[in-house]
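Structure incoming, see below.
Which chain is which? They are A, B, C, D, E and F, in the order written, and residues in each are numbered from 1.
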């Protein structure tokens, strides 16, 4: 056990305040600013009437994602990836994760031969940027799909379920939900969990930063994540006016 | 003469509504969201206690800028430069322009051996992103300098004057101030003018897109720009509480 | 339930034949060919008496990994990453995973300011190249450490425990251990599990390729993985003459 | 006022000796060595019977430019851009400027679906390489067009007017025409002006290196530039036997 | 003359033990491990039913090669070219040499519009990696061709003759055949000779590392190479069951 | 035998007219325009008072070379390598060859810890650009060394002998000296030979483009090359006023 106190005296199993602002910018088919506490990510969904080579002629669409961080989203300035001439391994890992997560709830056949590109750009970072990105990208994608439906380009929604993500970790023996930056840097184990609205797992990525974790700890973390994702899905529905 | 009517019936010599929001994000020493109508640029100023090689040991500091556009800041999605692995010629031109413009009002000796990096990231584009960037970057740099003064790291401000920028152009024979996207695409001549608070020129970049322009037209454009920059400088002062 | 029959009538909870050949090449401090059935990976451990910048002067060492696949390790030829001029996102993800996994069992303080680089090059691929890489890299690293001990460069081994990895997945409802290529391509869920000799988790990376998986399925997969890693650790010990 | 004396006692409003040598190399459709004093640029015009993607099927042609400097064109050796693997921001700015300047006098419709590529390579630099490039590229392009006419590939010349360029600047308060290197390095303001044979402006790019410049100074610079370009256009005509 | 004694008391005109293992890996159409003493190169031949742009529609095929070295094939670890983002000049030189050498004995017309890609990856290096690559790549290409013949895709073999390669050099005045690493580093002159089964030259690449070499020395080296290649061709035939 | 007639009825064993112009540009320590018929290469030698890392603190200097071709040096325009972002394998091969050739006649100890960089830029190509580069680079290097001697920076010349290069080839059975472009494209065998003033070999690079060549043909080619290089060395001496 521990007497670790979370910033703002947040409970171990509580999310930070989550805010979802739709229509944050005007050009994209879906544009969502999502905030998990001080983490702010702009998620846009762009629809393009073309697919990558491996889908051409298949009758199926594609959903993909890119991720970026503004140089001063963080405490100290990071190099701009465009200026360095390449995306870091971390960036690529995250954008591949976002893309897989969204595709997990999309019926690509029902989408038709078009692509939805999700751009997740971190304006301000305080831990959990990848989980906020997935959660916000779902809402942006949903708005883009609504527009396709409204325009009569598709007859039925290709979205089969919600998808959202949260981080969980163990700090000084205490399982915590939705790690912010100071917690993330200090914790022994860190896990990102992506789940559907139905409560099934899409991705589980757990890493022992320091001490390896036991099966029992893993079970505790998964339970926390289930609670957190359920709350996020409720917030998505509320934001989209689905409840 | 012409009967071209500007969007929103704006007068030919009127700026779009300008909004300057300081402290838009929390980590940077200066963080400003500047809006010229629907153009929105986040300008952050980061102070680093080091200088590039050509200034090491000189006792002088450096002021530099980087510019980027989120992929869906525009009507149709543009490729992410970090993913493409290089910045376009246009991006480099713009960030070099921002850097030179800011250095024009900085006393690098008085700054001491440290660097102020200005990151101008376009969240939403509707023409005039480079002029908004320069105008906003000045305010962010001013905030960063205020912090250096407050911390006692420098004794006097290295900022010698304001700097701001505006675009002007000729559309169907009519000189216009502060072009928005539909005007910019259609106009024959397009000029970006960077000026100091004292009303002197720092940069003048005029381009005939279609028909070359006469000396008389040039004079009309410069006069419009002088008016526009004076208004922007007044807005900078107001935002900074200097009036 | 299912009547899916594994290639070679392998049991659902059986590893493929594993072969560990130490001293496969002559120059490296550790050089191991590891085979999981038809998957063959050459893992070398190189000791260098220097550390990356973030460890300089810390008194601590570093353990890192790189991963590659020969162009014709696979059924059809893949482009050579050196010729394309960059490593794919997949390659970077895998080598970051291998590095983290090995560091999880290393006492970097006890290693001293030197680096062990683990190069995992796939000569022949048939599924499970990342898990074979981790399992083989551990043996190569152990050989490199033995040499450091023999040369008196370090007084005690910085290796705190074994580390090994295995893939598990669900195919037609059936949880399977150690997926080979045809299984991996077909399965709904795919999880890579990295564990210590003590049976604790270092990394868990599960992905639903098609249908999201339930908590119950997750539990079944973790149990299978625990069995598989325990067998791999026994094989590592046998290969190293530790039993 | 000032008693600054120009190298070679050149008058403040005098060009350096300009020499235009057509047919400098044998393969290109146009090949011109242009010299502004010690600045020597080889400008070749290459005709290719294809257009870039954005012009395909448009019935219009394209005119584009690339710029380079031999590593030892300058006082001290500069890195070769091909070896560094990228063109500097400065190089891209200059080649974009040359391309726009030439397109300003071309009727792309009359050119037909073909491309004229202007390669401007600086063999020896002493200030004014971009203005010499534009002035020489026009002559090379004219020769390439003459060949197209002679071959009957086009019926009428797509060239609507001459285009030429000159630099002007203010040094110790004195406006100067056609800056050479030592003047360029020392001057407070530096402006490159591109104009047509009809005396209209195509590009104006002025930069205050040190002190911002007044409207009055700007007027003086523009007048000097008008004089210089008129002389260059006369020299182009003489070189092309058009007078 | 000299009293230099070769490692293992090898005669000056003797090859190292050569071993050719066909079918070393399972996926490639040809897969050969070739060993020249401690130098071990895996050569795979991949058949693809497409040709590069310059051969499309020509009715002719193409034969090409790529070369790589595992990071720890050498005494000290070399950087991985995929991680550095480019192939060294040395790598490119070698793979171009291998490609030209193989094409010299191929009738590209008889191959039909398909490509044979030869990947030569050095698992362990001890001098002579490029000559081993050429010699082994021939055997791999021969196996790939045999498969094309067996499948009835081609009616007659496009291979007109054997090709093999060996290095020769002068060390302390003594001409030596098949240099191993310690000899290669020390010798004054180093020559790689590629010849056909008929005893004609395909490539001769001689370099004076220290002292330039005389015509007489060149003649001695060519004679040695002729002897060595003849022996290698005999070993190729034996390995392929052609004798 | 053959009745092939060379352009301009040149004899089979004759060089094209060779012209060496010293002091072609003004900034470099050595600057030579060398012409082999219509092939024109600008060779500059730049002295820098620093050495690459592998020579630091060794008391030895370094001699290196870079090679480039202007885009329209050739019959049809080639892509600019700086714009493509990398040097081709051919370019790298040639510049490595030039560097090795020059180092073969340099006493790096006597040069002292400084670097001579030879930039060979082809202004116009008609075959033999690499041999012209080597031959011209020697003269440029000699001029740079003369300046170092004149300035008293070195006491004795580090140049031990001349170095020059020529191409030879077999066309329709006829050995030819100094191939121009149409011959080079058509010939079966092509060899570049680099030799010292003393008549010794520095580099021999022979390639059978079509039919492999016999030992007898090789002997004929080497004899032709010896004649050609001897003439080039005489021309170098004459140009340098050494005779």
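Heads up, the rule we're going with is that a contact is a pair of C-beta atoms (placed from the backbone, for glycine too) under 8 Å apart; a residue touches a chain by one contact, two chains touch by 3 or more.
All figures in this text were calculated on a predicted structure; none of them were measured in a lab.
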| item | value |
| --- | --- |
| Distance in touch steps, counted as few as possible, from chain C out to chain D | 3 |
| Between chain C and chain E, the fewest steps along chains that touch one another | 1 |
| Any chain in contact with chain D as well as chain F | none |
| Furthest chain, CA centroid comparison against chain A | F |
| Chain B and chain D: spacing of chain centres that average the CA atoms, whole Å | 28 |
| For chain C paired with chain F, centre-to-centre distance based on mean C-alpha positions, whole Å | 51 |
| Separation of chain B from chain E, taking each centre as the mean of its C-alpha atoms, in whole Å | 59 |
| Residue list for chain D, restricted to those that touch at least two other chains | 85-86 |
| Starting from chain D, with chain F taken as the next chain, the full ring order | D, F, E, C, A, B |
| Of chain C, residues touching chain A in the complex | 86, 89-90, 92-93, 95-96, 100, 104, 161, 191, 195-196, 198, 200-208, 211-215, 218, 222, 226 |
| Residues of chain F defined as touching chain D within the complex | 25-28, 31, 38, 40, 42, 44, 46, 48, 66, 68, 70-77, 80-83, 85-87, 91, 117, 119, 121, 123-125 |
